[in-house]
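So, here come the structures, one by one.
In the two assemblies presented below, subunit A is common to both, partnered first by subunit B and then by subunit C.
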Partner chain A sequence: MDHTKGKLGFREFLAIIIITFGTKLTDNTPTGLFNKVGSAAWITIILMCLLAIIPIYLLTKVITAYQDQNLVDIIYHLLGKYVGFFVIFVLWLTETYSIVLSSSMYTDIIETMYFVRTPTLYIYIILIGVAAYGAKKGLEFIGSTAWITLVGLNLALFVVLVLTFYLGRLSYLFPILGNGIGEIIKEGASNASIFGEFLYLGFIVTSLRSNNVYRKGIWTGFLYVSFIFILSLIAYIILFDYVSIVHLNYPFHESIRYIQLGFLTNVESLFLPFWLVASFIRFSFYLYISALLFGALFKINQFKYLVPSIAILIIFLGLIPEAPVFSLINFREKLVYISTPIFYFLPLLLWLMAKRKGVFKK
Partner chain B sequence: MKNQLCLRQFLFLISMLLMLSGCWDQTNIDKRAYVVAIGIDKGEDNKINISYLITNPELSKQEGASSEPAYEIITFPTNDLISAKNTANSVIAKEITYNMLGVIIVSEELAKEPEFIRYMYDVTKDREIKRNKTMIITKEDVKTFLTENKPKLETRVHKYFEFIIENAKNAGLIPDFKLHSYFSITESDAGLFLSPYATTEQVPGGKYTVGEDELLAGELNIEGDSNTQFLGSAVFKEGKMIGTLNGEETRLTILLNETLEMGEIYTTYSDPFNQQYRISTRMMKRDKNEVKMDFTGYIPVIDVTVPVYTDILSTHSMETFDNGKIEQLKLHIEDEINKKLNNLIKRTQEEFKGEPFGWALIARKKFWTRHDFEKFDWMNTYPNMKVNVKVMVTIGTFGEQSKLPDLSEVRD
Partner chain C sequence: MEKMRVKQFFNKLIKEEHPPFEKAAKEDDLLKKKQIDSSLAKNMEIFKEIYYVPNNCDVNIRDIEIGGTKKMAAVLSISSISNIKIIEELIIRPLLSNDNESKVIEKLLSQQVRKAQVIEDILKEINNGNTALFVDGEPNAYIINTSNFQGRSVEKAENEVVVKGPKESFNEQAITNISLIRKKIRDENLIVESTTISKRAKNELYLLYIKDIANEELLTTIRNKINSLDVDSIQNLSVLEQYIEDNIYSLFPTILYTERPDRAGEFLEDGFIVLIMDNSPDALILPATFWSFFHNAEDHYLRFLFGNFIRILRLLALFITLFISAIYIAITNYHVEMIPPDLLLAISSTREIVPFPPLVEILMLEIAFELIREGGLRVPKPIGPTIGIVGALILGQAAVQANLVSPLVVIIVALGGLSSFAIGDTNLNYTIRLMRFPFLISAGVFGLYGLTALFTIGLFYMTSIKSFGVPYLAPMTPNDSTAKDTIFRRLLKNELYRPGYLKPKDIEKKAGE
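This part shows the complex of A and B:
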């Protein structure tokens, strides 16, 4: 009997991490940073990565101390029934809120950049519909899709980056500190929740083959994601210069419209499918996590059946914001300010409690 | 049971095919009118006159030559670039699209308006116009330019613009700035933007010059069927056109500006051994300019060293060179370029009060934060800076046959 059947291996886990975090640099996450720190956005990312190491390290240590228990069980065990419920509820709320925001934003990208005439509702239904289908199929399905498409997606991204570096001018990176060192530290510290979703990876730890897979996956994924994040932010600046970049809504999409592949001029339609596939995987994973947390809160074992209802809820909430380009960036900033403290302190709290309860001694 | 499952999956996949058609954004390529050049002229009040050069895609077909003309030009007043698409449909049968847009052409009259920049930002709003296109400035109205411009051998007009810009750029006669540079240079407010300058109106008889490139479009005396000239550049400061640079100045700007790529430039210099004649050379850049800046003193100083690689192509003084003469020639060319560069820099400092040489980009490395750099105020400091230019010429080949006969012996 093979016990590993239906569980994720290292490569599938890694692929999920890379795709869910990698797609962030194609939406308006970089825009928020450029608005605040100008051309030093890439330095801010380095700082953020360094800051993110601590919570991720603490969390990994706590999670790997347990066997066959995911973060839900761990939180209940360490924080008790009531506080645990509250913490998971808050996590579910921020997660679902962030799905609403980002799906709304992705719909906006598709609508303004590619399909101008298609009604928003239909774009939204297709985006979330496909993602819900994936989430309903389960984690194994998401993992293997992520792994199959990983090479293609990375290849596409690197073609974009190489062409951007070829066209760009490194001197656009200067003045190197952008809006100043104070701004870098402030934004670096308060925006660290870009890596906040590393918390949610703890909820699927029981679906992984072993704790070792989890530890290896988290760190490899973290390194790789940081690397492409820094590279892409540099690429955007050297292509557009430090003042113009602030005015762009979606730097990635503006870049793929700017570059040329030899004699091929309209290459954005070539990269669009890759980006769409990555987005589908990202939302599938988010929806899966959201359903899992909801199931954990209200003791629903067959939580996969929650996916369609959550998906419909998300579509209706996501359609509410008016003028999404401006409103979403405000909402996102608020979310970032709420979720960053959670990302810093929850792992610390769990680690302290684990220490008190003597979990590490076993 | 298994068959039923297969059937269901199959039906599901078939239904997915319907999505591929893309419903609302579905367009047929033969139902669109492709605008390859947009012309913008000054209109009445706050309006602009827009001209569309619409190409006829049927011409590219290999079989069955069509009797339709290669392109169509329409001009009408409008408020902006984007709503113009709809207005045009009162005349043009097909749906207007900017997808195949090659160039944006603006008349000098409109470009010199302070309001011009407002119309330019439409370009960033429309998703069909990309930022890697070229903007051309014309001396006359764009409407006249487009109707007068009749390339005889390039009937596919979109290819014409592509080729002429490409080759005039390689010859250094027009600058290689993309539309995006207009925005990035204007927004960072530190340098001047250059745009190709063109015209179909020839100055009667042309203008006489000693060299071959001290001309602006329209001043070159060319007889024949083609009457359009792309020569020189329009200078933009803070998004508004403030003057022009002739062909020679454009070439020198390309020589100084590291962000512009320099092709092989064929040019002539006076012959140091016989003032009557000129020697023709091929200039290339093999190394980068060395730019040193010193902002510590009261007057900021810029030291520029420009390495130039030169091939001597023809010498009408029939001189055969030896080492001493090569050295003399080298000094002479260095001196001549140096003088020209100094004149150009002086002109930018006094007339334009800004620099198109991309030095602001190099200066930025000297500052830590954006705030420091903006406080330094590059644009307003530049006119008072001291700029020292040094040209270093390396002489390469002397053509296929390097020795020439002594004329006095031949004529003997």
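This part shows the complex of A and C:
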């Protein structure tokens, strides 16, 4: 009876984008920026967004030129069998590596900020276990869950932001250019892979109701995510000032420890569930993508059955780093440096090839 | 596959040796497929044997001689389910007092008469309370409608109570129920199909739908499902529900069960399909989404704001029932810093003398509450009030005084328990009540982390349920911009469309024009 046939609509797609990218501002992604550019982190984000528009635009153009083909088919079609395989393999590798890193980081957040006495392994198992359950169920249900929870999650985020703005001092925004224009441009250009995962959204384009949903979803999501990113970076800086924020690994969680809600002086546990729901959804989407790419590489049609094995692999890999607070930041930086060129050049390459093969003329 | 094999192995292992059981004899069925004879004596012998007359005391056979034609005849009926007066006045008397030789039987009787030849068909009619008239020399029986089953009259709805709106509810007679629905929808397109769904008891099921709205594919799915049943007896809809639902083991119900004809009518007009049966003071509505369980008839009878107010209350009640005890456990065990210091001191001072950990304390009281509830439900009416007093007194006051539980826990459990009553639907009520326990345990083991993890799993699961192909959370997700009646209701003039997830033949309700 379901005439949507399990395809994602605009709402679900948008919800996935907002939740997977929005959660990034709650982990240590902002920390890296604050370290390099000081109080100008939010300007860097604006620059990043401007820079990210080009690859996203090119990619969207290429993808929407095809009908009923996802990025895997498009890459194979444009780059050929061998190069295509290599590109997808690299994408899969960076994706899985980033899941390992970020899940390890999220486990660390939960452990250091909320459950100090709980063993890491159990926290990790639950985090990835729930995500794997969602990924195993399938994309349409990840999307539906994301959409149902979206309103609540955003509400929680905005409550946090409003309270932070209420407590913060706007004068902390200065020096407005932080460590200087040079740093801003350098960091803005080399960190653009914060938006790099927009690439991966191309892989689910066949699960959307139409190409139009894809185009609308990508741009709306991009705008909204940029907006909340800028807003929260400003919020962090006016709450902590640029000197102390450098020492905070997880500014979001420090903020919710700092703020008060009326007579409730410690509200971090109040916001924890919202953040957790978002994280579970984020990781189930990542796991799904990882399984999808792996399935595409080795021609496994029922790729959902790969999810449990990938999940277990991720748990074991993610447990390896000791002192994650320090090591993860380094690992993440390396990942960013590797994946940023991919994010810039792959769409350009695809677009050029598509132009040469005359895809747009049809 | 492996699981099945292991199961088979264990089943074989524990199987007991026993002498073979009897199964239904084939000869009986063969006999019933035959046509009746033209000899009255032979026919009567067959039917007497089938009905085990004269041991079977309410089966009546009257031998008469038809006036005028001087033919012998017999009238067969079951007196407990047929109207004796009608049989006497409209069948036997006209036959006896006739003096015209040429008149045929149909003309003699003022009632509508049909003919039947096969024994099985005649039996079915008699079992339904009708009367069979056998005439010597004729190879068929005349069937006259005389059925009169005993039942109660139309009464007020007891489980789905509304303050504003119609009060009548279904009763145990299918015909009355259909009449109640027809009273609401005077439309020639309202179709009532009937099928026999069980082998021995021959239970009749009525399938109601509106021809130019309900989706054909959905109808076929449901018909196939019903026709594929192979059971001796299905007493009523509550049993049928379990035969035809999609997820038997799931916590979530997928078929709506209502005792209100107005609700059934409302769903019919939206393109849903309604099942009605004898012996069931209710109707089954399918497919059902989560929202149909969450909604209540009164939501639409109350004015827009008031209707939404009770929706908010119900949502709140749902969350309180599900989470309040679990959150208490999570906070007192793992997130103590969250509680304002004064409250924390108050809690700890009341907990000081309680010897159990909070999880045990809550579990004890929750189980006690469920026991009171179940006990109170089953208790005979005259002693009911006593139980209520004992329950409230003993378990509330005395348990606190005996230092078994702290007063705060009593408040929490009582609040959760009372809130659960705001969820009117029986099925959803059980779902919520049962789900509390996993949430409690998860909160006890992992605090808010475990609670949220289980909640997310629940959401993933809920979005993946389907009821006859309809996603459980439609129209919230997946959305198709048609019906928007989910958590909040719209203004009636803005409810322009029927739910698109049913793919109705006519999507527009034309309310806005």
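By definition in this document, the second predicted complex is superposed on the first by the 359 of 362 C-alpha atoms of A that agree within 3 Å, B and C clash if a C-alpha of one lies under 4 Å from a C-alpha of the other, contacts with A are read in each partner's own complex, and residues count from 1 in each chain.
We adopt the following convention: a contact is a pair of C-beta atoms (placed from the backbone, for glycine too) under 8 Å apart; a residue touches a chain by one contact, two chains touch by 3 or more.
Predicted model, so just to flag it, every value in this text is computed and none were measured.
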TODO: After aligning the two structures on subunit A, examine subunit B and subunit C and state clash or fit.
DONE: clash
Open item on the list: With both complexes overlaid on chain A, does A:266 touch subunit B (first), subunit C (second), both or neither?
Closed with: both
- [ ] Would you sort A:118 into first (subunit B), second (subunit C), both or neither based on which partner it touches?
- [x] both
- [ ] Using the touch definition from the top, say if A:178 reaches subunit B (first), subunit C (second), both or neither.
- [x] first
Open item on the list: I want to verify the contact counts: of subunit B and subunit C, which reaches more residues of subunit A?
Closed with: C
Open item on the list: A:12 in the overlay: touching subunit B, subunit C, both, or neither? Say first, second, both or neither.
Closed with: second
Open item on the list: One more residue to check, A:240. First (subunit B), second (subunit C), both or neither?
Closed with: first
Task: Contacts of A:39 with subunit B and subunit C, given as first, second, both or neither - done: first
Task: Contacts of A:126 with subunit B and subunit C, given as first, second, both or neither - done: both
TODO: Once the structures are superposed on A, label A:258 by its partner contacts, choosing first (subunit B), second (subunit C), both or neither.
DONE: first
TODO: From the options 73-81, 163-171, 433-441 or 469-477, pick the one stretch of subunit C whose C-alpha atoms clash with subunit B.
DONE: 433-441
Task: Residues of subunit A at both interfaces, subunit B in one complex, subunit C in the other - done: 114-115, 118, 122, 126, 265-266
Task: Interface residues, subunit B side, partner subunit A - complex - done: 19, 22-25, 99, 124, 127, 130-132, 180, 183-184, 187-188, 259, 361-362, 364-365, 367-373
Open item on the list: Can you tell me which positions in subunit C touch subunit A when the two form their complex?
Closed with: 215, 217-218, 221, 287, 331, 334-335, 337-338, 340, 446-453, 455-457, 459-461, 463-464, 466, 468-471, 473-474, 476-480, 500-503
- [ ] State the interface residues of subunit A toward subunit B in the complex, per the touch definition above.
- [x] 38-39, 112-119, 122, 126, 169, 171-172, 174-181, 240-244, 247, 254, 257-260, 265-266
Task: Contact footprint of subunit C on subunit A as seen in their complex - done: 1-4, 7-9, 11-12, 110, 114-115, 118, 122-123, 126-127, 129-130, 133-134, 137-138, 140-145, 147-149, 263-270, 272-273, 276-277, 280-281, 284
